[in-house]
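My questions all concern the structure below.
Residue numbering begins at 1 within each chain, and the chains themselves are lettered A, B, C and D in the order written.
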(Lines give C-alpha, C1' and ligand atoms only; values in the text may rest on other atoms or scores of the structure.)
Protein backbone atom coordinates (compact mmCIF):
# COMPACT_ATOMS: atom_id res chain seq x y z
CA UNK A 1 0.00 0.00 0.00
CA UNK A 2 2.93 2.32 0.67
CA UNK A 3 3.73 2.51 -3.00
CA UNK A 4 0.70 4.60 -3.78
CA UNK A 5 1.79 7.22 -1.30
CA UNK A 6 5.57 7.44 -1.50
CA UNK A 7 7.54 6.74 -4.64
CA UNK A 8 10.80 5.11 -3.63
CA UNK A 9 11.73 3.85 -7.08
CA UNK A 10 15.51 3.81 -7.55
CA UNK A 11 14.91 4.05 -11.30
CA UNK A 12 15.53 7.46 -12.84
CA UNK A 13 12.38 6.96 -14.86
CA UNK A 14 10.12 9.94 -15.06
CA UNK A 15 6.70 9.02 -16.34
CA UNK A 16 4.17 11.15 -18.12
CA UNK A 17 0.84 11.36 -16.36
CA UNK A 18 -2.34 10.52 -18.17
CA UNK A 19 -5.61 12.05 -17.11
CA UNK A 20 -8.89 10.61 -18.29
CA UNK A 21 -12.30 11.78 -17.10
CA UNK A 22 -15.76 10.21 -17.25
CA UNK A 23 -19.01 10.07 -15.32
CA UNK A 24 -19.83 7.38 -12.77
CA UNK A 25 -22.34 4.88 -14.16
CA UNK A 26 -25.34 3.81 -12.11
CA UNK A 27 -24.31 0.17 -12.54
CA UNK A 28 -21.08 0.99 -10.70
CA UNK A 29 -22.87 1.91 -7.46
CA UNK A 30 -23.90 -0.48 -4.69
CA UNK A 31 -26.55 -0.59 -1.98
CA UNK A 32 -24.46 1.77 0.21
CA UNK A 33 -25.27 4.39 -2.45
CA UNK A 34 -21.61 4.74 -3.41
CA UNK A 35 -19.33 3.29 -6.06
CA UNK A 36 -18.51 -0.33 -5.21
CA UNK A 37 -14.89 -0.67 -4.14
CA UNK A 38 -14.14 -3.25 -6.86
CA UNK A 39 -15.14 -0.79 -9.57
CA UNK A 40 -12.00 1.33 -9.22
CA UNK A 41 -9.84 -1.44 -10.68
CA UNK A 42 -11.50 -1.25 -14.12
CA UNK A 43 -11.05 2.54 -13.95
CA UNK A 44 -7.32 2.07 -13.31
CA UNK A 45 -7.24 -0.35 -16.26
CA UNK A 46 -8.82 2.36 -18.38
CA UNK A 47 -6.12 4.75 -17.15
CA UNK A 48 -3.37 2.31 -18.22
CA UNK A 49 -4.89 1.97 -21.68
CA UNK A 50 -4.95 5.75 -22.09
CA UNK A 51 -1.44 6.29 -20.68
CA UNK A 52 0.00 3.74 -23.11
CA UNK A 53 -1.91 5.35 -25.98
CA UNK A 54 -0.52 8.75 -24.93
CA UNK A 55 3.07 7.55 -25.33
CA UNK A 56 2.32 5.88 -28.64
CA UNK A 57 1.44 2.34 -27.58
CA UNK A 58 -1.72 0.37 -28.12
CA UNK A 59 -2.35 -2.30 -25.50
CA UNK A 60 -4.80 -3.80 -27.97
CA UNK A 61 -2.06 -4.22 -30.56
CA UNK A 62 0.28 -5.71 -27.97
CA UNK A 63 -2.29 -8.38 -27.23
CA UNK A 64 -2.81 -8.95 -30.94
CA UNK A 65 0.97 -9.42 -31.13
CA UNK A 66 0.81 -12.09 -28.44
CA UNK A 67 1.92 -10.11 -25.37
CA UNK A 68 -0.11 -9.81 -22.19
CA UNK A 69 0.32 -7.86 -18.94
CA UNK A 70 -1.57 -9.74 -16.22
CA UNK A 71 -1.59 -8.28 -12.72
CA UNK A 72 0.52 -9.79 -10.00
CA UNK A 73 -0.39 -7.22 -7.33
CA UNK A 74 -3.02 -4.54 -6.82
CA UNK A 75 -3.77 -2.20 -3.95
CA UNK A 76 -6.29 0.55 -3.33
CA UNK A 77 -6.66 3.10 -0.57
CA UNK A 78 -10.18 4.53 -0.33
CA UNK A 79 -10.18 8.16 0.81
CA UNK A 80 -13.72 9.31 -0.04
CA UNK A 81 -16.66 7.70 -1.82
CA UNK A 82 -17.78 8.49 -5.37
CA UNK A 83 -21.45 8.66 -6.31
CA UNK A 84 -23.58 8.11 -9.40
CA UNK A 85 -23.07 10.73 -12.11
CA UNK A 86 -20.00 12.22 -10.41
CA UNK A 87 -17.44 13.41 -12.92
CA UNK A 88 -14.20 11.66 -11.98
CA UNK A 89 -10.63 11.84 -13.25
CA UNK A 90 -8.15 8.97 -13.21
CA UNK A 91 -4.49 10.01 -13.15
CA UNK A 92 -2.15 7.23 -14.19
CA UNK A 93 1.65 7.13 -14.15
CA UNK A 94 4.28 4.43 -14.54
CA UNK A 95 5.91 4.01 -11.17
CA UNK A 96 8.67 1.59 -12.05
CA UNK A 97 9.74 -0.34 -15.11
CA UNK A 98 12.05 -3.28 -14.57
CA UNK A 99 11.42 -5.66 -17.46
CA UNK A 100 9.56 -8.00 -17.37
CA UNK A 101 7.78 -6.03 -14.63
CA UNK A 102 5.93 -2.75 -14.88
CA UNK A 103 4.25 -0.88 -12.01
CA UNK A 104 1.58 1.77 -12.31
CA UNK A 105 0.18 4.13 -9.72
CA UNK A 106 -3.08 6.05 -9.74
CA UNK A 107 -4.90 8.94 -8.17
CA UNK A 108 -8.64 9.14 -8.72
CA UNK A 109 -10.43 12.33 -7.80
CA UNK A 110 -13.76 14.03 -8.24
CA UNK A 111 -14.32 17.02 -10.48
CA UNK A 112 -14.51 19.95 -10.21
CA UNK A 113 -13.53 20.13 -6.53
CA UNK A 114 -10.57 17.78 -6.90
CA UNK A 115 -11.66 15.68 -3.90
CA UNK A 116 -9.29 12.72 -3.65
CA UNK A 117 -11.30 9.48 -3.88
CA UNK A 118 -8.84 6.63 -4.30
CA UNK A 119 -5.10 6.09 -4.66
CA UNK A 120 -3.82 2.80 -5.96
CA UNK A 121 -1.02 0.78 -7.45
CA UNK A 122 -0.78 -2.25 -9.73
CA UNK A 123 2.17 -4.46 -10.61
CA UNK A 124 2.20 -6.40 -13.89
CA UNK A 125 4.40 -8.91 -15.61
CA UNK A 126 4.74 -9.19 -19.37
CA UNK A 127 4.20 -12.69 -20.76
CA UNK A 128 3.59 -14.26 -24.15
CA UNK A 129 0.78 -16.64 -25.09
CA UNK A 130 2.66 -19.57 -23.54
CA UNK A 131 3.04 -17.75 -20.23
CA UNK A 132 6.79 -17.17 -20.70
CA UNK A 133 8.23 -13.91 -19.33
CA UNK A 134 8.97 -11.30 -22.00
CA UNK A 135 11.18 -8.23 -21.63
CA UNK A 136 11.15 -6.74 -25.16
CA UNK A 137 7.71 -5.07 -25.09
CA UNK A 138 8.65 -3.28 -21.88
CA UNK A 139 11.97 -2.10 -23.32
CA UNK A 140 9.98 -0.50 -26.13
CA UNK A 141 7.79 1.21 -23.57
CA UNK A 142 10.97 2.37 -21.81
CA UNK A 143 12.29 3.95 -25.01
CA UNK A 144 8.97 5.64 -25.66
CA UNK A 145 8.95 6.97 -22.11
CA UNK A 146 12.43 8.41 -22.49
CA UNK A 147 11.35 10.08 -25.72
CA UNK A 148 8.32 11.58 -24.03
CA UNK A 149 10.13 12.56 -20.81
CA UNK A 150 10.32 16.22 -21.76
CA UNK A 151 6.54 16.34 -21.60
CA UNK A 152 6.55 14.81 -18.13
CA UNK A 153 3.63 15.79 -15.93
CA UNK A 154 3.69 16.55 -12.25
CA UNK A 155 2.17 13.47 -10.66
CA UNK A 156 2.99 14.05 -6.98
CA UNK A 157 5.45 11.49 -5.63
CA UNK B 1 -40.62 -10.96 -24.26
CA UNK B 2 -43.60 -13.19 -25.15
CA UNK B 3 -41.39 -16.22 -25.28
CA UNK B 4 -40.81 -16.20 -21.55
CA UNK B 5 -44.53 -16.34 -20.93
CA UNK B 6 -46.01 -18.55 -23.61
CA UNK B 7 -44.17 -21.42 -25.15
CA UNK B 8 -45.28 -21.69 -28.76
CA UNK B 9 -42.52 -24.01 -29.85
CA UNK B 10 -43.70 -26.39 -32.53
CA UNK B 11 -40.91 -28.75 -31.47
CA UNK B 12 -41.97 -31.70 -29.36
CA UNK B 13 -38.93 -31.13 -27.22
CA UNK B 14 -39.48 -31.48 -23.52
CA UNK B 15 -36.61 -30.08 -21.55
CA UNK B 16 -35.41 -30.92 -18.09
CA UNK B 17 -35.40 -28.00 -15.70
CA UNK B 18 -32.29 -27.11 -13.79
CA UNK B 19 -32.53 -25.36 -10.46
CA UNK B 20 -29.50 -23.67 -8.97
CA UNK B 21 -29.57 -21.56 -5.79
CA UNK B 22 -27.14 -19.02 -4.35
CA UNK B 23 -27.08 -15.87 -2.27
CA UNK B 24 -27.14 -12.36 -3.75
CA UNK B 25 -23.71 -10.73 -3.51
CA UNK B 26 -23.35 -7.18 -2.25
CA UNK B 27 -21.49 -6.27 -5.44
CA UNK B 28 -24.63 -7.17 -7.39
CA UNK B 29 -26.71 -4.42 -5.78
CA UNK B 30 -26.99 -0.81 -6.92
CA UNK B 31 -27.78 2.53 -5.32
CA UNK B 32 -31.52 1.74 -5.40
CA UNK B 33 -30.69 -0.91 -2.80
CA UNK B 34 -31.73 -3.73 -5.12
CA UNK B 35 -29.98 -6.08 -7.52
CA UNK B 36 -28.97 -4.18 -10.64
CA UNK B 37 -31.08 -5.26 -13.62
CA UNK B 38 -28.02 -6.26 -15.66
CA UNK B 39 -26.97 -8.79 -13.03
CA UNK B 40 -29.70 -11.28 -13.87
CA UNK B 41 -28.03 -12.10 -17.21
CA UNK B 42 -24.95 -13.64 -15.55
CA UNK B 43 -27.33 -15.60 -13.30
CA UNK B 44 -29.10 -16.97 -16.38
CA UNK B 45 -25.68 -17.86 -17.82
CA UNK B 46 -24.96 -19.75 -14.61
CA UNK B 47 -28.29 -21.54 -15.07
CA UNK B 48 -27.33 -22.59 -18.61
CA UNK B 49 -24.01 -23.97 -17.42
CA UNK B 50 -25.76 -26.04 -14.77
CA UNK B 51 -28.54 -27.25 -17.08
CA UNK B 52 -25.99 -28.47 -19.63
CA UNK B 53 -24.00 -30.16 -16.87
CA UNK B 54 -27.19 -31.84 -15.66
CA UNK B 55 -27.77 -33.50 -19.04
CA UNK B 56 -24.14 -34.53 -19.31
CA UNK B 57 -22.61 -31.61 -21.19
CA UNK B 58 -19.81 -29.31 -20.21
CA UNK B 59 -19.99 -25.89 -21.81
CA UNK B 60 -16.36 -25.49 -20.84
CA UNK B 61 -15.38 -28.55 -22.87
CA UNK B 62 -17.45 -27.33 -25.83
CA UNK B 63 -15.44 -24.12 -25.85
CA UNK B 64 -12.21 -26.09 -25.50
CA UNK B 65 -13.41 -28.06 -28.55
CA UNK B 66 -13.83 -24.85 -30.51
CA UNK B 67 -17.60 -24.31 -30.26
CA UNK B 68 -19.21 -21.18 -28.88
CA UNK B 69 -22.81 -20.15 -28.16
CA UNK B 70 -22.95 -16.35 -28.33
CA UNK B 71 -26.28 -14.68 -27.64
CA UNK B 72 -28.31 -13.23 -30.45
CA UNK B 73 -31.26 -12.16 -28.29
CA UNK B 74 -31.98 -11.68 -24.61
CA UNK B 75 -35.03 -10.46 -22.74
CA UNK B 76 -35.93 -9.98 -19.10
CA UNK B 77 -39.15 -9.13 -17.34
CA UNK B 78 -38.65 -7.76 -13.85
CA UNK B 79 -41.45 -8.74 -11.49
CA UNK B 80 -39.98 -7.94 -8.06
CA UNK B 81 -36.58 -6.77 -6.84
CA UNK B 82 -33.97 -8.97 -5.17
CA UNK B 83 -31.83 -7.69 -2.30
CA UNK B 84 -28.39 -8.37 -0.85
CA UNK B 85 -28.08 -11.78 0.81
CA UNK B 86 -31.42 -13.01 -0.54
CA UNK B 87 -31.32 -16.69 -1.35
CA UNK B 88 -32.42 -16.97 -4.97
CA UNK B 89 -33.08 -19.87 -7.33
CA UNK B 90 -32.60 -19.80 -11.09
CA UNK B 91 -34.74 -22.26 -13.05
CA UNK B 92 -33.45 -22.91 -16.54
CA UNK B 93 -35.02 -24.89 -19.36
CA UNK B 94 -34.37 -25.29 -23.06
CA UNK B 95 -37.26 -23.66 -24.85
CA UNK B 96 -36.47 -24.61 -28.42
CA UNK B 97 -33.65 -26.36 -30.21
CA UNK B 98 -33.40 -25.82 -33.95
CA UNK B 99 -29.71 -26.29 -34.83
CA UNK B 100 -27.72 -24.08 -35.09
CA UNK B 101 -30.06 -22.19 -32.73
CA UNK B 102 -30.90 -22.92 -29.12
CA UNK B 103 -33.29 -20.97 -26.91
CA UNK B 104 -33.39 -21.00 -23.14
CA UNK B 105 -35.95 -19.60 -20.74
CA UNK B 106 -35.64 -18.78 -17.09
CA UNK B 107 -37.59 -18.12 -13.93
CA UNK B 108 -35.74 -16.55 -11.04
CA UNK B 109 -37.40 -16.50 -7.65
CA UNK B 110 -36.61 -15.82 -4.03
CA UNK B 111 -36.39 -18.50 -1.37
CA UNK B 112 -38.10 -19.61 0.74
CA UNK B 113 -41.28 -17.73 -0.19
CA UNK B 114 -40.97 -18.46 -3.92
CA UNK B 115 -41.54 -14.79 -4.83
CA UNK B 116 -41.10 -14.48 -8.60
CA UNK B 117 -38.32 -11.96 -9.33
CA UNK B 118 -37.49 -12.21 -13.02
CA UNK B 119 -38.49 -14.22 -16.06
CA UNK B 120 -36.29 -14.22 -19.11
CA UNK B 121 -35.27 -15.79 -22.37
CA UNK B 122 -32.08 -16.00 -24.40
CA UNK B 123 -31.48 -17.14 -27.97
CA UNK B 124 -28.04 -18.45 -28.98
CA UNK B 125 -26.35 -19.60 -32.15
CA UNK B 126 -23.62 -22.23 -32.25
CA UNK B 127 -20.47 -21.16 -34.10
CA UNK B 128 -16.91 -22.38 -34.40
CA UNK B 129 -13.75 -20.33 -33.90
CA UNK B 130 -14.05 -18.88 -37.41
CA UNK B 131 -17.60 -17.72 -36.76
CA UNK B 132 -19.15 -20.36 -39.04
CA UNK B 133 -22.53 -21.79 -37.99
CA UNK B 134 -22.34 -25.28 -36.49
CA UNK B 135 -25.20 -27.74 -36.04
CA UNK B 136 -23.46 -30.87 -34.66
CA UNK B 137 -22.99 -29.75 -31.04
CA UNK B 138 -26.69 -28.93 -30.81
CA UNK B 139 -27.69 -32.29 -32.27
CA UNK B 140 -25.72 -33.92 -29.47
CA UNK B 141 -27.58 -31.80 -26.95
CA UNK B 142 -30.83 -32.88 -28.64
CA UNK B 143 -29.93 -36.56 -28.22
CA UNK B 144 -28.99 -36.01 -24.60
CA UNK B 145 -32.28 -34.23 -24.02
CA UNK B 146 -34.27 -37.08 -25.53
CA UNK B 147 -32.39 -39.50 -23.29
CA UNK B 148 -33.18 -37.43 -20.23
CA UNK B 149 -36.78 -36.64 -21.18
CA UNK B 150 -38.24 -39.15 -18.74
CA UNK B 151 -36.85 -37.03 -15.92
CA UNK B 152 -38.50 -33.93 -17.29
CA UNK B 153 -39.44 -31.29 -14.74
CA UNK B 154 -42.55 -29.16 -14.65
CA UNK B 155 -41.31 -25.77 -15.85
CA UNK B 156 -44.60 -24.03 -16.68
CA UNK B 157 -44.97 -23.30 -20.36
CA UNK C 1 -37.98 -7.37 -29.18
CA UNK C 2 -40.03 -5.89 -32.03
CA UNK C 3 -40.06 -2.53 -30.36
CA UNK C 4 -36.40 -1.90 -31.04
CA UNK C 5 -36.98 -2.35 -34.74
CA UNK C 6 -40.34 -0.82 -35.48
CA UNK C 7 -41.83 2.06 -33.58
CA UNK C 8 -45.56 1.46 -33.42
CA UNK C 9 -46.22 3.96 -30.67
CA UNK C 10 -49.63 5.54 -31.06
CA UNK C 11 -48.34 8.54 -29.15
CA UNK C 12 -47.41 11.55 -31.25
CA UNK C 13 -44.28 11.91 -29.17
CA UNK C 14 -41.15 12.64 -31.11
CA UNK C 15 -38.08 12.14 -29.06
CA UNK C 16 -34.68 13.71 -29.39
CA UNK C 17 -31.87 11.23 -29.87
CA UNK C 18 -28.86 11.29 -27.61
CA UNK C 19 -25.53 10.01 -28.82
CA UNK C 20 -22.77 9.23 -26.38
CA UNK C 21 -19.46 7.62 -27.33
CA UNK C 22 -16.76 5.89 -25.30
CA UNK C 23 -14.18 3.13 -25.57
CA UNK C 24 -14.82 -0.48 -24.55
CA UNK C 25 -13.06 -1.32 -21.27
CA UNK C 26 -11.04 -4.48 -20.91
CA UNK C 27 -13.14 -5.44 -17.86
CA UNK C 28 -16.21 -5.50 -20.14
CA UNK C 29 -14.86 -8.36 -22.26
CA UNK C 30 -15.23 -12.07 -21.57
CA UNK C 31 -13.34 -15.26 -22.42
CA UNK C 32 -14.88 -15.29 -25.92
CA UNK C 33 -12.77 -12.18 -26.51
CA UNK C 34 -15.85 -10.00 -27.00
CA UNK C 35 -17.93 -7.69 -24.83
CA UNK C 36 -20.05 -9.77 -22.46
CA UNK C 37 -23.71 -9.59 -23.42
CA UNK C 38 -24.75 -8.27 -20.00
CA UNK C 39 -22.51 -5.23 -20.40
CA UNK C 40 -24.73 -3.51 -22.93
CA UNK C 41 -27.39 -2.84 -20.27
CA UNK C 42 -25.13 -0.46 -18.29
CA UNK C 43 -24.30 1.25 -21.59
CA UNK C 44 -28.03 1.77 -22.25
CA UNK C 45 -28.36 3.14 -18.72
CA UNK C 46 -25.58 5.59 -19.53
CA UNK C 47 -27.50 6.55 -22.66
CA UNK C 48 -30.64 7.25 -20.60
CA UNK C 49 -28.71 9.46 -18.21
CA UNK C 50 -27.31 11.49 -21.09
CA UNK C 51 -30.63 11.73 -22.96
CA UNK C 52 -32.34 13.07 -19.84
CA UNK C 53 -29.48 15.53 -19.28
CA UNK C 54 -29.82 16.65 -22.90
CA UNK C 55 -33.46 17.66 -22.39
CA UNK C 56 -32.69 19.39 -19.11
CA UNK C 57 -33.28 16.61 -16.59
CA UNK C 58 -30.93 15.10 -14.07
CA UNK C 59 -31.75 11.51 -13.14
CA UNK C 60 -29.52 12.04 -10.12
CA UNK C 61 -31.68 14.93 -8.91
CA UNK C 62 -34.84 12.90 -9.52
CA UNK C 63 -33.51 10.20 -7.21
CA UNK C 64 -32.49 12.84 -4.67
CA UNK C 65 -36.13 14.05 -4.91
CA UNK C 66 -37.38 10.57 -4.10
CA UNK C 67 -38.32 9.30 -7.56
CA UNK C 68 -36.97 6.13 -9.12
CA UNK C 69 -37.33 4.49 -12.53
CA UNK C 70 -36.74 0.76 -12.06
CA UNK C 71 -36.88 -1.47 -15.13
CA UNK C 72 -39.85 -3.70 -15.72
CA UNK C 73 -38.66 -5.04 -19.07
CA UNK C 74 -35.44 -5.13 -21.06
CA UNK C 75 -34.51 -6.71 -24.37
CA UNK C 76 -31.39 -6.82 -26.49
CA UNK C 77 -30.71 -8.08 -29.98
CA UNK C 78 -27.04 -8.79 -30.63
CA UNK C 79 -26.03 -8.10 -34.24
CA UNK C 80 -22.23 -8.07 -34.06
CA UNK C 81 -19.72 -8.32 -31.23
CA UNK C 82 -17.75 -5.39 -29.78
CA UNK C 83 -14.12 -5.79 -28.72
CA UNK C 84 -11.75 -4.19 -26.22
CA UNK C 85 -10.83 -0.60 -27.05
CA UNK C 86 -13.48 -0.29 -29.76
CA UNK C 87 -14.96 3.17 -29.91
CA UNK C 88 -18.72 2.71 -29.58
CA UNK C 89 -21.71 5.03 -29.73
CA UNK C 90 -24.96 4.52 -27.86
CA UNK C 91 -28.01 6.17 -29.44
CA UNK C 92 -30.91 6.57 -27.04
CA UNK C 93 -34.44 7.75 -27.70
CA UNK C 94 -37.68 7.75 -25.77
CA UNK C 95 -39.98 5.31 -27.50
CA UNK C 96 -43.16 5.87 -25.57
CA UNK C 97 -44.23 7.90 -22.57
CA UNK C 98 -47.44 6.90 -20.87
CA UNK C 99 -47.09 7.99 -17.23
CA UNK C 100 -46.18 6.24 -14.99
CA UNK C 101 -44.42 4.27 -17.74
CA UNK C 102 -41.56 5.32 -19.96
CA UNK C 103 -39.94 3.25 -22.71
CA UNK C 104 -36.52 3.80 -24.24
CA UNK C 105 -34.92 2.24 -27.29
CA UNK C 106 -31.29 2.04 -28.24
CA UNK C 107 -28.94 1.43 -31.13
CA UNK C 108 -25.32 0.73 -30.29
CA UNK C 109 -22.78 0.81 -33.08
CA UNK C 110 -19.05 0.83 -33.62
CA UNK C 111 -17.11 3.86 -34.80
CA UNK C 112 -16.00 4.87 -37.32
CA UNK C 113 -17.53 2.23 -39.61
CA UNK C 114 -21.00 2.49 -38.03
CA UNK C 115 -21.26 -1.31 -37.67
CA UNK C 116 -24.48 -2.06 -35.81
CA UNK C 117 -23.67 -4.01 -32.63
CA UNK C 118 -26.81 -4.12 -30.52
CA UNK C 119 -30.36 -2.82 -30.58
CA UNK C 120 -32.40 -2.80 -27.42
CA UNK C 121 -35.38 -1.54 -25.49
CA UNK C 122 -36.19 -0.96 -21.84
CA UNK C 123 -39.48 -0.23 -20.10
CA UNK C 124 -39.51 1.60 -16.78
CA UNK C 125 -42.06 2.62 -14.19
CA UNK C 126 -41.77 5.72 -12.04
CA UNK C 127 -42.17 5.10 -8.31
CA UNK C 128 -41.48 6.96 -5.10
CA UNK C 129 -39.51 5.72 -2.11
CA UNK C 130 -42.52 3.75 -0.86
CA UNK C 131 -42.89 1.98 -4.19
CA UNK C 132 -46.07 3.89 -5.12
CA UNK C 133 -46.58 4.72 -8.82
CA UNK C 134 -45.86 8.34 -9.69
CA UNK C 135 -46.95 10.18 -12.86
CA UNK C 136 -45.74 13.76 -12.21
CA UNK C 137 -42.03 13.30 -12.97
CA UNK C 138 -42.90 11.79 -16.32
CA UNK C 139 -45.31 14.63 -17.16
CA UNK C 140 -42.40 17.01 -16.62
CA UNK C 141 -40.28 14.93 -18.98
CA UNK C 142 -43.17 15.07 -21.47
CA UNK C 143 -43.24 18.87 -21.32
CA UNK C 144 -39.49 19.05 -21.73
CA UNK C 145 -39.72 16.72 -24.72
CA UNK C 146 -42.36 18.86 -26.35
CA UNK C 147 -40.20 21.92 -25.81
CA UNK C 148 -37.21 20.19 -27.39
CA UNK C 149 -39.17 18.59 -30.23
CA UNK C 150 -37.95 21.10 -32.79
CA UNK C 151 -34.44 19.78 -32.29
CA UNK C 152 -35.64 16.23 -32.87
CA UNK C 153 -33.00 13.86 -34.27
CA UNK C 154 -33.52 11.19 -36.87
CA UNK C 155 -33.50 7.96 -34.90
CA UNK C 156 -34.78 5.53 -37.50
CA UNK C 157 -38.16 4.12 -36.57
CA UNK D 1 0.50 -6.35 0.73
CA UNK D 2 2.66 -7.83 3.48
CA UNK D 3 -0.37 -8.30 5.65
CA UNK D 4 -1.75 -11.06 3.47
CA UNK D 5 1.42 -13.06 3.92
CA UNK D 6 2.54 -12.54 7.49
CA UNK D 7 0.21 -11.86 10.35
CA UNK D 8 1.94 -9.43 12.68
CA UNK D 9 -1.14 -8.47 14.64
CA UNK D 10 -0.28 -7.66 18.23
CA UNK D 11 -3.84 -8.54 19.16
CA UNK D 12 -4.35 -11.93 20.77
CA UNK D 13 -7.39 -12.40 18.57
CA UNK D 14 -7.69 -15.81 17.03
CA UNK D 15 -10.24 -15.84 14.27
CA UNK D 16 -12.29 -18.68 12.90
CA UNK D 17 -11.77 -19.33 9.21
CA UNK D 18 -14.70 -19.46 6.85
CA UNK D 19 -14.53 -21.48 3.69
CA UNK D 20 -17.03 -20.95 0.92
CA UNK D 21 -16.87 -22.63 -2.49
CA UNK D 22 -18.52 -21.86 -5.81
CA UNK D 23 -17.91 -22.12 -9.53
CA UNK D 24 -16.42 -19.32 -11.63
CA UNK D 25 -19.07 -17.64 -13.77
CA UNK D 26 -18.47 -16.95 -17.45
CA UNK D 27 -19.26 -13.26 -16.85
CA UNK D 28 -16.29 -13.12 -14.47
CA UNK D 29 -13.76 -13.91 -17.20
CA UNK D 30 -12.07 -11.42 -19.52
CA UNK D 31 -10.51 -11.49 -22.98
CA UNK D 32 -7.31 -13.03 -21.56
CA UNK D 33 -9.48 -16.10 -20.92
CA UNK D 34 -9.01 -15.82 -17.16
CA UNK D 35 -10.97 -14.32 -14.28
CA UNK D 36 -10.66 -10.53 -14.38
CA UNK D 37 -8.51 -9.28 -11.52
CA UNK D 38 -11.28 -7.01 -10.19
CA UNK D 39 -13.60 -9.99 -9.69
CA UNK D 40 -11.76 -11.33 -6.66
CA UNK D 41 -12.93 -8.40 -4.54
CA UNK D 42 -16.62 -9.43 -4.75
CA UNK D 43 -15.51 -12.97 -3.85
CA UNK D 44 -13.74 -11.65 -0.74
CA UNK D 45 -16.91 -9.72 0.09
CA UNK D 46 -18.84 -12.97 -0.17
CA UNK D 47 -16.27 -14.53 2.17
CA UNK D 48 -16.83 -11.75 4.74
CA UNK D 49 -20.58 -12.24 4.62
CA UNK D 50 -20.19 -15.96 5.25
CA UNK D 51 -17.59 -15.55 8.02
CA UNK D 52 -19.85 -13.12 9.87
CA UNK D 53 -22.80 -15.49 9.42
CA UNK D 54 -20.65 -18.33 10.78
CA UNK D 55 -20.04 -16.48 14.05
CA UNK D 56 -23.67 -15.50 14.37
CA UNK D 57 -23.75 -12.11 12.65
CA UNK D 58 -25.72 -10.95 9.68
CA UNK D 59 -24.10 -8.13 7.74
CA UNK D 60 -27.51 -7.54 6.22
CA UNK D 61 -29.05 -6.93 9.62
CA UNK D 62 -26.17 -4.64 10.59
CA UNK D 63 -26.94 -2.48 7.57
CA UNK D 64 -30.64 -2.58 8.39
CA UNK D 65 -29.61 -1.36 11.86
CA UNK D 66 -27.78 1.59 10.33
CA UNK D 67 -24.18 0.35 10.49
CA UNK D 68 -21.89 0.08 7.48
CA UNK D 69 -18.36 -1.25 6.93
CA UNK D 70 -16.92 0.58 3.92
CA UNK D 71 -13.41 -0.35 2.80
CA UNK D 72 -10.51 1.96 3.48
CA UNK D 73 -7.85 -0.34 2.01
CA UNK D 74 -7.72 -3.42 -0.20
CA UNK D 75 -4.86 -5.42 -1.62
CA UNK D 76 -4.57 -8.52 -3.78
CA UNK D 77 -1.64 -10.67 -4.78
CA UNK D 78 -2.32 -12.77 -7.88
CA UNK D 79 -0.51 -16.12 -7.78
CA UNK D 80 -2.26 -18.09 -10.55
CA UNK D 81 -5.25 -17.39 -12.81
CA UNK D 82 -8.70 -18.91 -12.37
CA UNK D 83 -10.79 -19.98 -15.36
CA UNK D 84 -14.47 -20.33 -16.23
CA UNK D 85 -16.23 -23.15 -14.37
CA UNK D 86 -13.30 -23.70 -11.99
CA UNK D 87 -14.47 -24.68 -8.54
CA UNK D 88 -12.86 -22.18 -6.17
CA UNK D 89 -12.77 -21.78 -2.39
CA UNK D 90 -12.47 -18.47 -0.55
CA UNK D 91 -10.94 -18.69 2.92
CA UNK D 92 -11.68 -15.66 5.08
CA UNK D 93 -10.36 -14.76 8.52
CA UNK D 94 -10.40 -11.65 10.67
CA UNK D 95 -6.84 -10.41 10.84
CA UNK D 96 -7.20 -7.63 13.34
CA UNK D 97 -10.05 -5.98 15.20
CA UNK D 98 -9.40 -2.57 16.69
CA UNK D 99 -12.77 -0.81 16.85
CA UNK D 100 -13.81 1.07 14.77
CA UNK D 101 -11.49 -0.82 12.41
CA UNK D 102 -11.65 -4.42 11.26
CA UNK D 103 -9.20 -6.15 8.94
CA UNK D 104 -9.84 -9.33 6.97
CA UNK D 105 -7.47 -11.53 5.05
CA UNK D 106 -8.18 -14.08 2.36
CA UNK D 107 -6.76 -17.03 0.51
CA UNK D 108 -8.50 -18.10 -2.67
CA UNK D 109 -7.60 -21.42 -4.19
CA UNK D 110 -8.80 -23.84 -6.82
CA UNK D 111 -10.40 -27.18 -6.07
CA UNK D 112 -9.60 -30.00 -5.93
CA UNK D 113 -5.85 -29.45 -6.39
CA UNK D 114 -5.66 -26.61 -3.86
CA UNK D 115 -3.73 -24.37 -6.31
CA UNK D 116 -3.31 -20.97 -4.65
CA UNK D 117 -4.91 -18.29 -6.87
CA UNK D 118 -5.06 -15.08 -4.87
CA UNK D 119 -4.21 -13.82 -1.39
CA UNK D 120 -5.65 -10.55 -0.20
CA UNK D 121 -6.50 -8.22 2.63
CA UNK D 122 -9.13 -5.58 3.28
CA UNK D 123 -9.39 -2.93 5.99
CA UNK D 124 -12.79 -1.53 6.96
CA UNK D 125 -14.15 1.12 9.26
CA UNK D 126 -17.53 0.93 10.96
CA UNK D 127 -19.72 4.00 10.47
CA UNK D 128 -23.36 4.90 10.95
CA UNK D 129 -25.68 6.46 8.40
CA UNK D 130 -24.25 9.92 9.12
CA UNK D 131 -20.71 8.70 8.48
CA UNK D 132 -19.72 8.89 12.17
CA UNK D 133 -17.28 6.23 13.45
CA UNK D 134 -18.92 3.48 15.49
CA UNK D 135 -17.19 1.03 17.82
CA UNK D 136 -20.10 -0.92 19.36
CA UNK D 137 -20.87 -3.24 16.41
CA UNK D 138 -17.24 -4.31 16.33
CA UNK D 139 -17.16 -4.95 20.08
CA UNK D 140 -20.08 -7.33 19.55
CA UNK D 141 -18.13 -9.09 16.82
CA UNK D 142 -15.19 -9.28 19.23
CA UNK D 143 -17.33 -10.98 21.86
CA UNK D 144 -18.71 -13.41 19.32
CA UNK D 145 -15.19 -14.20 18.17
CA UNK D 146 -14.05 -14.92 21.70
CA UNK D 147 -17.04 -17.21 22.16
CA UNK D 148 -16.20 -19.07 18.98
CA UNK D 149 -12.43 -19.15 19.54
CA UNK D 150 -12.45 -22.80 20.60
CA UNK D 151 -13.57 -23.68 17.10
CA UNK D 152 -10.70 -21.73 15.57
CA UNK D 153 -9.47 -22.97 12.22
CA UNK D 154 -5.94 -23.22 10.97
CA UNK D 155 -5.64 -20.30 8.57
CA UNK D 156 -1.87 -20.16 8.01
CA UNK D 157 -0.29 -17.00 9.39
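The rule is short, and it goes like this: a contact is a pair of C-beta atoms (placed from the backbone, for glycine too) under 8 Å apart; a residue touches a chain by one contact, two chains touch by 3 or more.
Note that this is a predicted model, so its numbers are computed, not measured.
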Computing the C-alpha centre of each chain, which chain sits at the greatest distance from chain A? B
Check A-C against A-D and say which one is joined by more contacting C-beta pairs. A-D
Rounded Å distance between chain C and chain D, as computed from the means of their C-alpha atoms: 37
Chain centre separation in whole Å, for chain D relative to chain A (CA means): 25
Between chain A and chain C, tell me the centre distance in angstrom, where each centre is the average of that chain's C-alpha atoms. 31
Residue list for chain A, restricted to those that touch at least two other chains: 26-27, 31, 34, 38, 41-42, 45, 63, 83-84
In the complex, chain B residues that touch chain A: 26-27, 29-31, 33-34, 36, 38, 83-84
Chain D partner contacts - residues on chain A that touch it in the complex: 1, 31-32, 34, 37-39, 41-42, 45, 63, 68, 70-78, 81
Mind pulling up the chain D residues that touch chain B in the complex? 22-23, 25-28, 41-42, 45-46, 49, 58-60, 63, 83-85
